[in-house]
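As written, the chain order gives the labels A, B and C, with residue 1 at the start of each chain.
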Amino acid sequence: MTYQTMLSLLGQGFLTTLAIFLLTLLGSLPLGLGITFCRSSKFKPLQWLTKFYISIMRGTPLMLQLIVVFFCPNLLFGIVPPTNWRFIAVILAFVINYAAYFAEIYRGGIESIPVGQYEAAEVLGYSKTQTFCKIILPQMVKRVLPSVTNEVITLVKDTSLAYAIGMVEMFTRAKQIAVAPNSPGIVTLFVAGLFYYIFNFIVAWAMERIEKRLSYYE
Amino acid sequence: MKKMKRFLCLALALVMTATMLIGCGKKDKQQLIVGFDAEFPPFGYLAADGTYDGFDLAMAEELCNRLGWEFKAVPIDWNSKDTELKGGNINCIWNGFTYTGREDEYTWSDPYVDNSIVIVVKADSGIKTLADLAGKTVMAQTASSAVDGIDGNEAFKNSLKEVVQLADYNTGFLELKQGTVDAVAADIGVAAYQVAQNGSDYVILEEAVSTEQYAVGFLLGNTELRDAVNTELKKMAADGTMLKIAKNYESVGLVIDNLCMLG
Amino acid sequence: MNVLEMNNIKKSFNNHTLHVLQDISLNVAEGEVVAIIGPSGSGKSTLLRCATLLTEMDSGELLYLGDYAAKNDENGNSVYADKAALKKIRSHFGLVFQNFNLFPHYSVLKNLTDAQISVLGRSKEEAKQRAEVLLEKMGLADKGDAYPCQLSGGQQQRVAIARALAMDPKILFFDEPTSALDPELTGEILKVIRQLAEENMTMVIVTHEMAFARDVADRVIFMDGGVIVEQGDPQQVINHPQEERTRQFLSRFAQN
């Protein structure tokens, strides 16, 4: 197996990693906001339920959550999994896990906004929705961005946990290549590491750009 | 903003491609969904063209061709093999799967490979027999027959300092190389493959830890699928197909003498 | 008609153990400037917060231009009007905070125009025109594109006043508008308020600036312990207080 073959095989794995990464963000960033609302809901049972959900997501290993999401529907309820279930389950597990983390980050951001901002908006006659969308949310986004960046970078590396349910993402692919006949061997793992590093470098760069764009005020 | 849009388009395209790669097939025909460990040459591994290859997979695919079935190979995490099988994500495990000692846990085909669990050590380690391993550390793959083999040989197990269980043999051989384990216990096929790949660095001890046999495992009670596969498998052994396929995998460590179904 | 009418307002905190407002009534006529003075904890800020609907009162009536924002039920508890009615009532008043509370992520111009557009439904051009007139008046014509963090405290407070005025309120409340400012910056704010007084803007000002209160107000109210102790003509209340508590408070001020 030549280096070129190795790279193209790793590249395939990388596409899967990228898909997990993007779909997870696409799902968990907005879902986190919804969970934040439930978490601070005035309806107590909903609040407790959300608190419980967040504590489970943060208190158990992501790998376990992947296994539970993937296997439980069938083992507990006898549901026949759809054809793409392996991939769907990976995305689902990642989304619900990361949404819990994002929710707590958002909550911190929202709570850090001075009460005077709400009062100023109220006196000016903004509705509750307007206040949140126009006044609170933009300020919250700026405040939580550094923490969100941290999570996003962690996510890039966490994608490799998908191997636990047989998802062939880049890291699993690298391990397969490493033991394949006449492959470059262990070097493959380092090349995969380089892929992750470059990917994260781009992610960090992009997040920094966004932070800069939002730094027009203090 | 324009750049942002272009980036989003690109990202979306990539996601779609990836989703398609993972893709799905039709469910009309009888399917044989083989669960296998893609880090287990010569029985299952990744080929240079990005497809999965190996003696067992080649056999399974040929069998499907002959029966007009749809063949699907699903790489799984070996630790989850039971859950995958029970969950219906796969309907057989055909991957150097040890039958000995697990007779009651699955519904089995006839055994087709005589396997032994052997010990690989560094050529310059001075270890020649199992007794030399007293007080040493031995690696075996988690939930594998090598662990079962060691467990079954109690005197040997008790003489060891520790049995380190790792998810795959690749890591095990890395540990052997750097000296964090003194020996690797593995199926003869795997051991032969590693020795073949690494030249004269490693040797296989002549004395085996245990002997056992490989067969194809099905969900306990799924005799219908087992019977269909078993009948065809025996035909393939009898008409020379098995030998023909096996020859393709000699170079990656398959030992033809061990194919017990060939008689 | 009174612009603001507050009748028998009661408010307590901590499960009715801390009585902050005890039966306060306050009417403000059109064009009148009322200054409220008093020691901290006297309830003057709470009174302002009740008037601006930021704090719910326990008991009492609140009216703007004759429309009820809250009235008493048979048990004497305040019952507030419905959402739509309160929305209309909010458009009658403006509030200038001690800490400005400008929106930091909006430019000065957007701070002034956004509520006009999204609350009053004015067109962009109309809102911008109104904002520019007010910025000119505040001496900030060149600051429209600046962000609040780029301005001095005095400039920020002037933007806050302009933001409130942009909504064309019938009455404007000030909650210690100079307390968060360095002493050398208070002058510019007081000057703006003075100018508004000359234009007959109806205003209620909570302040610690005694000289200013005396000069600009038509009426001074001295509050202490949740009640109005004394009120009347500024010269009268500040120079010749009738009540002992007022005298004590003012003498402490004179010493400082």
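Quick note on the criterion: contacts are C-beta pairs under 8 Å (C-beta built on N, C-alpha and C of every residue); 3 or more make two chains touch, one makes a residue touch a chain.
Remember, it's a predicted structure, so these values are computed and weren't measured experimentally.
K.L.:
So how do the chains connect up here, line, ring, star, complete, or something else (other)?
P.N.:
Contact pattern: an open line, chains touching in sequence.
K.L.:
Taking each chain's centre as the mean of its CA atoms, which one is farthest from the centre of chain A?
P.N.:
It is C whose centre lies farthest from that of chain A.
K.L.:
Just list the two chains that share the greatest number of C-beta contact pairs.
P.N.:
That would be the chain pair A-B.
K.L.:
Of the chains shown, whose Cα centre falls closest to the middle of all protein Cα atoms?
P.N.:
The most central chain, going by mean C-alpha position, is A.
K.L.:
Cα centroid separation between chain A and chain C, in whole Å?
P.N.:
For chain A versus chain C, the centre distance works out to 46 Å.
K.L.:
Measuring centre to centre with CA averages, how many angstrom lie between chain B and chain C?
P.N.:
Roughly 79 Å, centre to centre.
K.L.:
Centre to centre, by mean C-alpha position, how many angstrom separate chain A and chain B?
P.N.:
33
K.L.:
What residues of chain A sit close enough to touch chain C in their complex?
P.N.:
Counting only chain A, the residues touching chain C are 114, 116-117, 119-126, 130, 134-135, 138-139, 142, 216-218.
K.L.:
Which chain C residues qualify as touching chain A in the complex?
P.N.:
My answer: residues 52-54, 87, 90-91, 93-95, 97, 99, 101-105, 114-115, 118-120, 147-149, 163-164, 167.
K.L.:
What part of chain B is in contact with chain A in the complex they form?
P.N.:
11, 14-15, 17-19, 21-25, 27, 38-39, 41-42, 45-50, 74-77, 80, 83-84, 86-89, 168-170, 174, 193, 197, 251-252
K.L.:
Within their complex, state which residues of chain A touch chain B.
P.N.:
Touching chain B: residues 1-2, 5, 8-9, 12, 15-16, 18-19, 22-23, 67, 70-71, 74-75, 80-81, 83-87, 163-166, 168, 172-173, 175-182, 186 of chain A.
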